[in-house]
Every structure is written in C-alpha cells, then in structure tokens.
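In order of appearance the chains are A, B, C, D, E, F and G, and numbering begins at 1 in each one.
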Amino acid sequence: MVLTNEYILQRLTEKFGEAITQVEEPYGLLTFEVPKELNLKVMQFLYDDQELGFRFLTDLCGVHYPDQLGRELAVVYHLHNMVQNVRIRMKVFTDVQQPDVYTATSLFQSANWQERETYDFYGINFVGHPNLKRILNVEEMDYFPLRKEFPLEDQTRIDKDDEMFGRGGSI
Amino acid sequence: MQTLTNRSKAVDRHPMTVWEKMYLPAIAKGMSITLSHFFKKKPTINYPEETRPFSPVFRGLHILNRDEEGRERCTACGLCAVACPAEAITMEAAERKEGEEQLYREEKYAAKYEINMLRCIFCGLCEEACPKDAIYLSETFAPSNYKREGFIYGKNDLLIPDPKTEPELYRKAVGERSRKS
Amino acid sequence: MPINLYIFLALALFSIGVIGVLTRRNAIIIFMCIELMLNAVNLLLVAFSKMHLADSANSALQVVTNGADAQLFVFFIMVVAAAEVTVGLAIIVMMYRNIHSVDVNFLNRLKN
Amino acid sequence: MIQLAIDLAFILEKAILIGGIITVSLVVAMYSTWAERKVAGFMQDRLGPNRAGPFGLLQPLADGLKLFMKEEIIPNASNKFLFILGPGLAMMTAMMTSAVIPWGREIEVFGRTVSLQIADINIGILYIFAVLSMGVYGIMIGGWASNNKFSLLAALRGASQMISYELAMGLSIIALLMLTGSLSLKTIVEQQSAAGGWWNILYQPLGFLIFMVCAFAECNRTPFDLPEAENELNFGYHQEYSSMKLGFYLFAEYINMFMSSVLMATLYFGGYDIPFVNDAALVESMGTNNVAILQGLSLFAKAAFFIFFFMWVRWTIPRFRYDQLMHLGWKVMIPLALINMLITAVVVLIRQNGWPF
Amino acid sequence: MTITEILFWLLTVVALTGALLVVTSKNPVYSVLALIATFFAISGHYILLNAQFLAVVNLIVYAGAIMVLFLFVIMLMNLNTETEPQKNKWLKMAGTVAGGCLLLVLVAALRDADSKSTIALVNSGDTGLIENLGKLLFNEYVIPFEISSVLFLSAMVGAVVLGKKE
Amino acid sequence: MARPVQYNVKNEGGKIVTMGELPDGHMGEGFFASKLSDIVGLARKNSIWPLPFATSCCGIEFMATMASHYDLARFGSERVGFSPRQCDLLMVMGTIAKKMAPVVKQVYLQMAEPRWVIAVGACASSGGIFDSYSVLQGIDQVVPVDVYVPGCPPRPEAIIDGVMKIQELVGNESLRRRNGDRYKALLESYGIQ
Amino acid sequence: MSEIITQEQHHVKLPEGSIGKQTTTLNLGPTHPATHGVFQNILEVDGERIVSAEQTVGYIHRAFEKIAERRPLYQITPLTDRLNYCSAPINNMGWHLTCEKLLGVKTPKRVDYLRVIIMELARISDHLICNSIVGVDTGAFTGFLYVMQYRELIYEIYEEVCGSRLTTNIGRIGGFERDFSNTAFQKIERFLKEYPVVLKEFENLFQRNRIFMERTMGTGGIAADRALNYGFTGPNLRATGVDYDVRVTAPYSSYEDFEFDIPVGTTGDNYDRWLVRNQEMWQSLRIIEQAYRKIQDFKGEEASVYHADVPEYYLPKKQDVYTKMEALIWHFKIIMGEIDMPKGEVYQAVEGGNGEVGYYLISDGGRAPFRLHFRRPCFIYYQAFSEISEGAMLSDAIITLSSLNLIAGEMDA
C-alpha cells in the first residue's frame, strides 16, 4: 500500500476531526496544524498506527511570527515514515505570553535536545521535559535570542561601520 | 526493521580467525606497510623555501585593479560591501574632480577603501559582485601579523602597482596568465 | 660486626612496629607496621645466620652452608608476607568499599 | 665482595666509567627523541624536524634548553615534595640499570685492565629486576602528587601494568637462566660470544618474544602506553609537569627504552659480541682496545636496532585497552612464559641426563 | 672505624629514621615512602652481611611489589591526611609507652645474653649466594617450598574472591 | 574565470606592524646576558610545542598543517600537547563562543611562562562572519595575542607563516621581558596576575 | 557472531548497596584531545568504568539560524560551509538544492553530475577524517597521515574548482560559479587512480588487526530501534543495520542515475561504524567514477553547461556585466537581494557526512529567509552518547566519541 498524503489526511481527520487545520502541501510535503493541546496525541496516533507508522522524528524547531497575535510561536515537527518513505510536517502554535507545549520526549528520545534548543532559542516551555534548560547558550542568558525582536549583532564589535550603505538597519 | 531499499549490503565482519587472533601477523603486516613508507619519497614541501602552486582561481588577498592606463577601476558602487557576508569592506565614495581623469576611470571613485583582513573570510563574493572589474582575489595568501592594526588594508595596500610608473611590479602582479592572453 | 648491634637494631625496629600498631588507626599503616616487624625479624635471622657461619668458621668442621637455613627462613617469611599482603589488602579494600573508611575502629561493629 | 674493598684507583676508574656511561645514556636518550621524531616523520611520509641545525640535529639541544628555561609550575593543590620526588625517582631508576650491563670486554689503560662494566655482580639480572620494580614509583608518585584525576588514573594504570608484566618478564628470563646457569650478565655474554656459542635467541625465540613484549610494557611504549595515552588521558601521569621535571620524565622514558634495548641485545643477541667473528682471535690481531671499541659499537648497533624497533612499533599499531592489556599479561603472557619455562626445563634435563626412556 | 662500620651505622640510622617516619607521618603516602627507605636500608644490611640474594629479593618483593600494592591501594582510595581520625591522645601515649616498655624489657633481657663476643660474619662467606641457597632450598627444604607455593596460590585465590564484586 | 591579476605584490612579504613590545634592548644587559638571551631564544624558537585549541574549521586545516604535505614538525613543533603545562604556544583555532571564553583564559593561565598565543583564522582573531550575540569578537578580549593569522580558514602556508612570525618573536625576545613591567602591565590589563 | 554482542559490554551492572560515593567525576573536555571539536562530557567513573555521562554542548554556538535571517540567499552559502566543515561542499549543495526547490530552478544533468562528484569527494574526506581519527584514538597515528595526504588531493580539487580548500563556498544557485577546469578533471582522475591504493593500505593497517578489532568491537554499540528513536541517521544508523540513505530514498541531484550499495552493519558498534564508513568511501569512489564517465559522455552544447539558465538567480557573465546594460541590472538586482523569492516552506534533506542534513526554509517573500533551520545530524545523535557510554570503559568512550564523528560546528551551529 502506498501511503499518500490524502490517505494520511483522511485518517487524521477521521480521528481528530476539526482539530487538523491549515492543511497545505507545499512542494509535496503534507503540512498541517494541530492545536497545541493535541500535539502529543496526534503524534502518538501517527506513531502507533500500523499503517501510518511515523516513527522517526526528523526535525523539531521553533519559529517566531511576531505579527500573528496570540499565536506568535510555532513548533514545527517533521515526521518521517521510513518504510513508506513519506514525510509530513506538523505545526503547533502557541501564545508568546504562555508558551507551553507538551514535550515529545516520551515518544522520541531525539526530541530531548531539540526541545532544549527550541527552548533556548524561543523560550517555548515544553511541559514534561525531563531537563529543560539552555543547551547552546550560557545559562546566565536572560533572553531568547532567536525571537525576532532581539538583535543579532554582538554589541561589542567595534571594527565595523554600520552606517555604510544603509546596513545599519534591520535587514 | 525491514530493509528500506534493495541496495543494502552488509559489511564484512567475520569473526577473527586463529591466525588473526595471534596478533603478530596483523602487526607484521602493519609494520611492513609503515616500513615501506619509510623509504618512500616524501611529499613534504619545505614551505618557506619551496612553495606549492596555488590554483588559478585561488581566493587570497584582495587586489584593486587598474586599467591599462593606470586608472583605478573602482567606482565605489558598494556592491562588494553589500555582498560581503563578513561586513569587512568599508568604503567612502567621492566625486572625481577636474584633472583627476588620469587617476580614476569613472566619475566616482573610492576615496577610502578598506578591507579588514581579519574579518574577511575569502569567500570571493566581492569579486563576483564587482560590476567594474575592479576587485579581485589574488593568489597571495594573507600574511599574518602582530597587531590587529596590521590587518586594515587600505587602498595603498590593495591597489595594483601603476603600470605606468611601476611597470616591473605591475607585470609581476599581473602574473603570467594574463600576459599570455 | 658484633651480633649485639644487630639484635638491638632489630629490636628497635620491631618495637617501632609495635608502637605503630598500637597508636595508629589507619588499617593500612597498621599493616605496614606489621611488615616492618617482619622485616626486623628477617634482619635478625640473617644476622644469626652469619653468626653461625662465623661460629663454624672458628670451629673445626667448616661447612659452607652453615646458617643458610636461616636465610631460607627469611625467604619463607617473605613468601608468607607476600601472601598475607595480598589477602590483607583485599580485605582492606573490601572494608573500604563497605564502610568507606580504613579506620580499624569501625570494625568493632558486626553490622553497619 | 670485591666492590666493597677500597682502592683509590679502583674508585677513580669506576667513577669515570659511571660518568661515561651516564653521559652516553643521556646523549643516546637525547638523540632518541630526535630519532623518534625523525623515524615518525619518515614513517608518516614527512620529513621530521630539519630546521634546527643540519637534519634537525640540534633539535634535542633546543628542546632541552627550552625546557630548562621554562617556568616551573607546581600546582597549588599538589603535594610539593612528592611532586618533585616523582620525576627524580623516574630518572634515577632509569639510570641505575646501566650499572650491571657489560658494555664491552675490557680495555687497557695505563697498564690497568679495566672491565667495561660498572659492577659485575653475580646476581646481575636480579638486580635489574629490583631496579625495574622501583621504576614504577616514579610514575605512581608523580601521577598521584599532581592531584589531577587523569594523572591519578594514569598512575594506577601504569602501576598495575608494570607489576603485571614484570611477572611474565621474570618467567621468560628464568627459562634463559636455565640455559646459561648464571645470573651474571657478563657470564651470559661470554657464553654467547665464546667460540662455538650461539646467541640465545636461537635457543629461546619464544622467551625473547615474551621478554620483548614485556619490555615494551615496562617502558610504557605503544601498544602499552596506557599511562600516557594522550588521546585518553591527556599525557597521563606527567600532565601537570612543566619545565625540566617534564624533561626528566621524557628522558627517563627514553633511557628506559635504551636500557631495555641494551638488555635485549645482551641477553639474547650476544651483547657486545661481534657477529660471525671470533672475538678472541680478533684481540690477537687488533689489540684489546680496538676490539673493545668494536664491541661497544656492536652493542650499540644492536641497541640502535631495537630502539628503532620500539619506534617502528609505536608508529604502527594501536593501543590496548586496560582490560585487554591485563588479559594479555595474565592470561597469555604468563602461561606462555610458563610453557616456555617447562619446555626449556625438560630440554635441559634431557641434555644433562639423556633421554629417560 | 672501618668502612664497614660506617656503612653499618649509616644504614642503621636510615632504617630507624624510616621506621619512625612510618609510624609518625600523617600522610600515608609518606609512610609508604619511609617504609621503602627502611627496606632499602635493611637490604643494605643484607649486602653487608653478604646475603646478596636476600637483599635483592627483599627489594623485589617488599619494595617492588608489596609496597607498590600499598601505594596502589592508598591511591585507589585517595586517602589524605584528613581521612584518618586521630586516636585519643592518651591512647597514643599508652601505645607508645607500651611499645617502649617492650623494647626496654627485650633489651634488658638480651643485654646479658652470652653474645658479647659473638660476631656476625660480614663481607665474607658464600652462604648468601644464590647457588648455595638454591641447593639447600631444593634439596632439604623442597617440601616447605611446595607448601609455601600452595599457600601462595590459596592467598591469590582468596584475594581474587575477596576482590570480586558480587 | 581567469583573472587579469594574479598576485598582490605589495603584500607578499606582509606589511608588518611593529611588535607592540620591542625587545627591552641591551641597556643594562651585559654582553654575556645578551648572548645567553640569543642562545635561549634560538633554542626556544626551534622548540615551540603547540597546544592546538582547535574548535572548528581551522582545526581541520591545522591537521593539514601537521600532515605530510606541510609538516609543522620541521619547525620542531610536532609534539602537540593538550596539557597546557607543557606547551609554549597556544594556538587558538576556530570560533570562540562566549561560553568558551573562560576556558581559553583558563588554559592560558595554566600555561607555564614563557607562553605565546597565536590566533588562527578570522573567527579567533576577530569573530569573522559570526557577528552574533554568542561569539566572542576576537580572543584578544580575554588573552593577549601575539600573532594573528587571517583567513577563514587560513591555508596551511598561512598557518606556517604565523608560526614563523612567532618564531621570530620568540627568537628576539629578551630573557628579561617576562619579568618586565610592561609585560606585567599587559597581563594586568587582562586581569591576570 | 555470538562473540560480538554489544549489549554484554554495555549493560554491566555496577554493584548496588555500596555505601558512599565511590565514583569520581571526570571532566572530559572542552579541551581534552579526544573531543575533536569542543564539547564537554562530565563522566562519573568507577575506576575505568563509566557509570554515567552528561554532555554539554554549545561551546561554539554561533547563531547560524539568526544570522541566516539577515542574509540574502547567496550569503548563506558561506555559513553552511561552517556547519560540518569536514564535508562543507555537501552542505553547500544541500543549501543550493533547498533554494532551487524554493525558487523552482531545474538544473541540467551535467550540473547534477558535477555536484555529485563534489559531494562524494566531500563524503570521502569526511569519512576519511573520521575513520583515521578513530585510528588515532586507538593509538595508531600513522594511518591518519597516510590518508591525510589524499585528503590534500581532494582539497586541491576543490581549490581548482572554487579557489578555496576547506570552507569552499562552492557552487551557486543553479549550478557552479565556473566550469571545472581541465586541471580539475585531471586531478579527479588522479584521485580515482591513487586513492584506492591508499585506502586499501589503510584498511590493511586496521581492519583485521586484532588490537584494533578488540578495541572497537562490542564497544559503543546501539540497537537499531534505539538509534532510530534517538534520531540517528547516516553511517551511524546504517551501522545498526538500517539501510536508510537519503541519496536512495529521496534522490536529489540525479543520484538515481548511479549504482551504488548501501553498506550496513549489524550491531552498531564502533567497529561497524568504522566498516560502514570505510565501505562508503569505496562506494563513493564508485559513484565518482560513474559520474566522471557520464560527464565525459556529454557532447556538444551540453558538454560545457555548468549552470541552469536562470537569469533571475544566477549572476550574468562578467563580460556581459561590463558591457550590457541588461546584464548589469540583473547583476545589481541579484547582489542587492532585490529579487524577492516566492513565499513558502521547504524542507530539503541531503545525505551529509554524518547523516541527513536538512534545511527547513520558511520564506515570507523577503530578501532573506524568514526562518532557516538546519537539521544537524550530529546535534541530534550526540544525545545518545550518555546511553551508549554507560558501563563502558573510559577508552571505549573516547573511541565512541570519535567514531560517532562529532563535529562541533555542526552540533552547535
């Protein structure tokens, strides 16, 4: 049996109904959004189901959309069914004020550090994570550097003239 | 887990034979290999005395080009500075004045052109970005230095020698390849 | 050399060993003091061996190996000492593992 | 005993000999470092040091002087006395072995016949073992005093390794001793160099192999260089050492290597015997002193080969793991040595008493 | 004073100092080192007594193996000065006094023994040579020798059993 | 794409900005002392044991420098040690993040005098393209640097060039420099006693 | 193969019920020689046995993902170089493939094959470093230098193509900056001829040497399901027996045109990893040879194509820029980043030296990516180290570290 995007979607909507939203297929990769309360359930379903069998977490990362009020932070999961060679992308959105998302560590060991990294970058609080602390940056850091409002540059750099060619700005 | 492809091929990992368990044969084999290298010709380059040719496209120290009449080609358009991922290039444009035609090719020129060689990552994007045939990466690697100040290369350090006033040096800088063409 | 000197030296060493055993609490040091005592005895044995050789040299029937037995005794004592040390140290290591100390005073309890 | 009798000329003669041998072993050790780097270079298709003097010959001097002029650091947390004692012990025990090795037959100076051996004691081999067993203290104390976990681990590794391999080494030598019937190194060499005598390697190939492997282990050379495995323990026991104290450790290693090479040559390869030549006849034709020089050179050539061999092995094979090392020592080397001993004993008995059946 | 006497007294002093250090030093590593020094001195005495075999064996066995084991164990446990709780001062005093009394009694007892004129032969005699000892050992004492080897074996087994983690 | 230019002749030899601290001169130093200084300098410069503090790309290029084609061993520098006590030259190669900076300093502190530091590559010297919140903009913010080697990563030739610059520095250093006030002031400015 | 069961080594239970802390804490790194790259392992050891390990990473975190949000696409290529610097070209190509996927650029076959050559060379240089470092960590240094000489040859090929050795910045969106020169092809040919000999020699030095086998067999093993759960990809996953290879399962850059095998191991221990990498080098050689032959087969026009015909994204010829206005305008537009890219989300994976290198690019239509996330295989599988090393000896842990091929640049991004 070939696992098609339509079939996956069908199975998902059967199980979760309206919870699966924002379905797209950019460049052939099935993408959908689930409410953040359901992320673990959906993943568990995708993992356990014999036919779906998405048992490999390829990637987990955060995204910050400062313009989308109430759903500023997103967690993007890329799941992979190796046997059928199908990938899907699952997104979870959360409010920047209360960025709580359930952790996937119970399902995938590999989520451990990736969630820590996401926490480190975006401050997304993975509920139930065994060891949620900063991983790449120093412990003392008091902000989440990859959020759009924080500057990239090291403020101590002196050997550059930003005024040149309008590069002082935000781009 | 079932196989995902039909191309898998297990690596050869048979248990050690008695012969191999004796340590010595493998050691002897290894030692014969090392001994054979003992007498081999060495590929080492005695660096400061001998040098290895760099490839003709090697991306080394920058050089600001002049045209045949010794005029600077740079017109301070700033593309190189924009293209530089390390933001190492700084320049100030100036209008060419009367009587400077033999110095600058276009109406604008770079009054100040500095590259911070410590920042530079020699990616060659500036060379690619230049629409005026002005900046090139040469086959010279950037020399080390004792102080940070030694790495701010100004126009003096970057400009190719003037073909009119210093033809010898100019020819050296242009090198063999272009002379042929 | 007069045998007396050797006797007194051996006695002194032996007594120092005894003092060590009595005053220290560290099992390893106590053990070392026992080694010291054994060595004192060894020294004495060798000295006596040579004394007997000297005796036999004076007497009429001269035997080269006279007194050699004593040296063999030393040899055997060394063997015993080595065996003792292996077992003893193993015990000390076990003791350290269990009570995390080498203090002999802890050993007076049968349980922890 | 002869060495306790007082004789001024005798003392002078021995003092000169000791001085000479110490100087020679230091120089050899120094140039072993150079050779090691060169050999490593050549085996690895490189040139090795060649910028300090011709062919880099001044390299050891440069290293030595640099080490001398470097700051001495004694880590705060370490035990100062033991920290200094460690390298001293290592160096001393390394040097002490040379006392019983016959470097040549004898020379005639000012009408005196001087034996080229500091002390021909009748239990020479046992003496070497005694000194060897002291060698472990340098590593242990140094590693322990550094108060660094890596050093301590290295010290423990080193100690257990050296104790374990000493056993197999001793057993392998016992087989040799059964053949020679003497513990004096001089006698052993003379037996081999006498007309009709063969080098012991012909009688004891297995014994030699065991001895050599154990010598590698005793010198902490690859594949047994666990105490200073730089990839694991970051130079191990001498990690915290700087300046000349480090130099002492490095030197001690090379002196040990030199001494083991000489010992191997002496015990199994005829010592100062010049191969294929009847030495006694040579003395007739060339004079004692010339022959002595030739003999010394012969010994040095043999030792040089073994030193090269040490390096050759070092730059070829991987290192053991701790448990494998112990496994090899206790479960392979010792049984092999015992078997070798047994076979030798049987053969010796048969040779003495005839075939019993 | 002959050279032998000088050596004797030198070695004696070293041995006694070493022994005292073993008992008094706080750091067990120092104790081990002092004991090694003592053993060296005792070996020196053996050489003086012309028992070279025993001297070397003493070094190999005691200094080379046993003390290494001690040091090994100390390092393994990483014993420092603090780890040893000091005994009660009075107990220490009592121990010292008791030891001293023992020394006194023994010295007093042996002082008058008929040994003043007896000497131990120094620097001569072949008894200590390996050849003679070997002959004796493997002829007359062969059974004790074998028994001691059994003892050794059992000690080894015992140590292994003790050391084995369950 | 053949270039119309090939070499930057003005910089073939490198434009040397004079070393910050010239040798203290022969003032007060007798003939013998200065000779000794020379000899020691000669010895030191031929026996520079590097401590490769390799964090990223430049470390890989350093491997090439150690390997057969370039063979840093020719300069007597092949005894690469990872124990700071035994090494003379701290070669910082690769990006030093702010998290790593204290470690660099620690390693520098553990090294025995005389010690030198070489910053290999753009990242170690100035931060390179990584002008970001987490990267130290040049290790000279935490330890004094003697020679900078530009390039990202520098060619092995350039690394050797840097080592030779160090050799020059080492060879000319007076024995007294490390006790001098200026050196102390330099260390003081980095908060090192 | 009963003697090489990994789990036996692996789950040695330490005695329980012993009082007090008997373990010592050992700090492996960040400057320890075994941590090739920078990361720290805090090991709890009982003698030589590791009781537990805790890894700390982030010592060269450089905020790639943040930087990438400020840079036009072509300026991100130098960043990707510095991810896995042992095989920088693969990252470059992966990035270009991502961009091409987003921009809808179709590359000609010849470009694909040239890319394959470069990528496989990079794979060889990556595996070669890893395998020889395993050798170094077992104590044999010499093999390392033998193969290093031939990595130099790979670097020369890069240099001939792009002008740089390690961090290549090779390739452009749509193809290459310039065509391969004849010298480059000659060097590839020479490499194909000489490298197998050396690789064979390298194998002889290690593969069946008992010391090496004992050091690596049965150490650092991980079972396939655990490995998948930990997100292993690449050689390390294949060593456990899972034949997952992006080149085959999701072919990119015309990998479907080539014949090669996927070497798989059985137990996933260090020896298997070593063997798999070694075999992959042979397979890479095969691929390069095929690609090289295919390139030779191109005739006429096709034989000199080195970039896709996409004037919007590929810089015009320099000569045209100097002379033609239109070209100059495109040139300016591309360099200034004024050509907006389409909105969308792309995930593109390539088989990097260490496994699946993924690029997750979110574009909001601006000049720079809105978000660019790198899937760094190292970062993901290094988590497993504490599980792998538990109960192993210290020396095993060190070999495991090197045989996992941890590249700090990739790990910390």
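In the analysis below, a residue touches a chain if its C-beta (ideal position, glycine included) is under 8 Å from a C-beta of that chain, and two chains touch if they have at least 3 such contacts.
Remember, it's a predicted structure, so these values are computed and weren't measured experimentally.
Participant: Based on which chains touch which, give the shortest step count from chain B to chain F.
Facilitator: 1
Participant: Ranked by contacting C-beta pairs, which pair of chains comes out on top?
Facilitator: C-E
Participant: Among the chains, which is located farthest from chain F on the basis of C-alpha centroids?
Facilitator: Most distant chain from chain F: C.
Participant: Need the CA-centroid distance for the pair chain B / chain C, whole Å please.
Facilitator: Measuring from centre to centre gives 76 Å for this pair.
Participant: Whole-Å distance, chain B centre to chain D centre, using C-alpha means?
Facilitator: 51
Participant: Hey, how far is the Cα centre of chain A from the one of chain G, in Å?
Facilitator: The computed centroid separation for chain A versus chain G comes out at 24 Å.
Participant: Suppose each chain is reduced to the average of its Cα coordinates; what separation in Å results between chain D and chain F?
Facilitator: Their C-alpha centroids are separated by 39 Å.
Participant: What are the residues of chain G that contact at least two other chains?
Facilitator: Where chain G meets two or more other chains at a single residue, that happens at 32-33, 58, 61, 63, 66-67, 78-79, 140, 142, 145-146, 149, 167, 177-178, 205, 209, 211, 228, 242, 244, 249, 318, 412.
Participant: What parts of chain F, by residue number, touch at least two of the other chains?
Facilitator: Those would be 1, 67-69, 71, 74, 82, 99, 126-127, 129, 131-135, 152, 155.
Participant: Which bits of chain F are touching chain G when the two form their complex?
Facilitator: Counting only chain F, the residues touching chain G are 1, 53-57, 59-61, 63-64, 67-69, 82, 84, 94-97, 99-100, 103, 107, 129-135, 152-153, 155.
Participant: Please name which positions on chain A make contact with chain F in the complex.
Facilitator: Touching chain F from chain A are residues 136-138, 145, 150-154, 156-157, 159-160.
Participant: Under the stated contact criterion, what part of chain C meets chain E in this complex?
Facilitator: 1-9, 11-20, 22-26, 28-29, 31-33, 35-36, 39, 42-43, 46-51, 53-55, 57, 64-69, 71-72, 74-76, 78-87, 89-94, 96, 101-103, 105
Participant: Which of the residues in chain B end up touching chain D in this complex?
Facilitator: Going by the criterion above, the answer is residues 27, 30-31, 33-35, 37-38, 40, 42-44, 46.
Participant: Residues of chain F touching chain D in their complex?
Facilitator: 39-40, 42-44, 46-47, 67-68, 71, 73-76, 78-79, 81-83, 85-86, 88, 110, 112-114, 175
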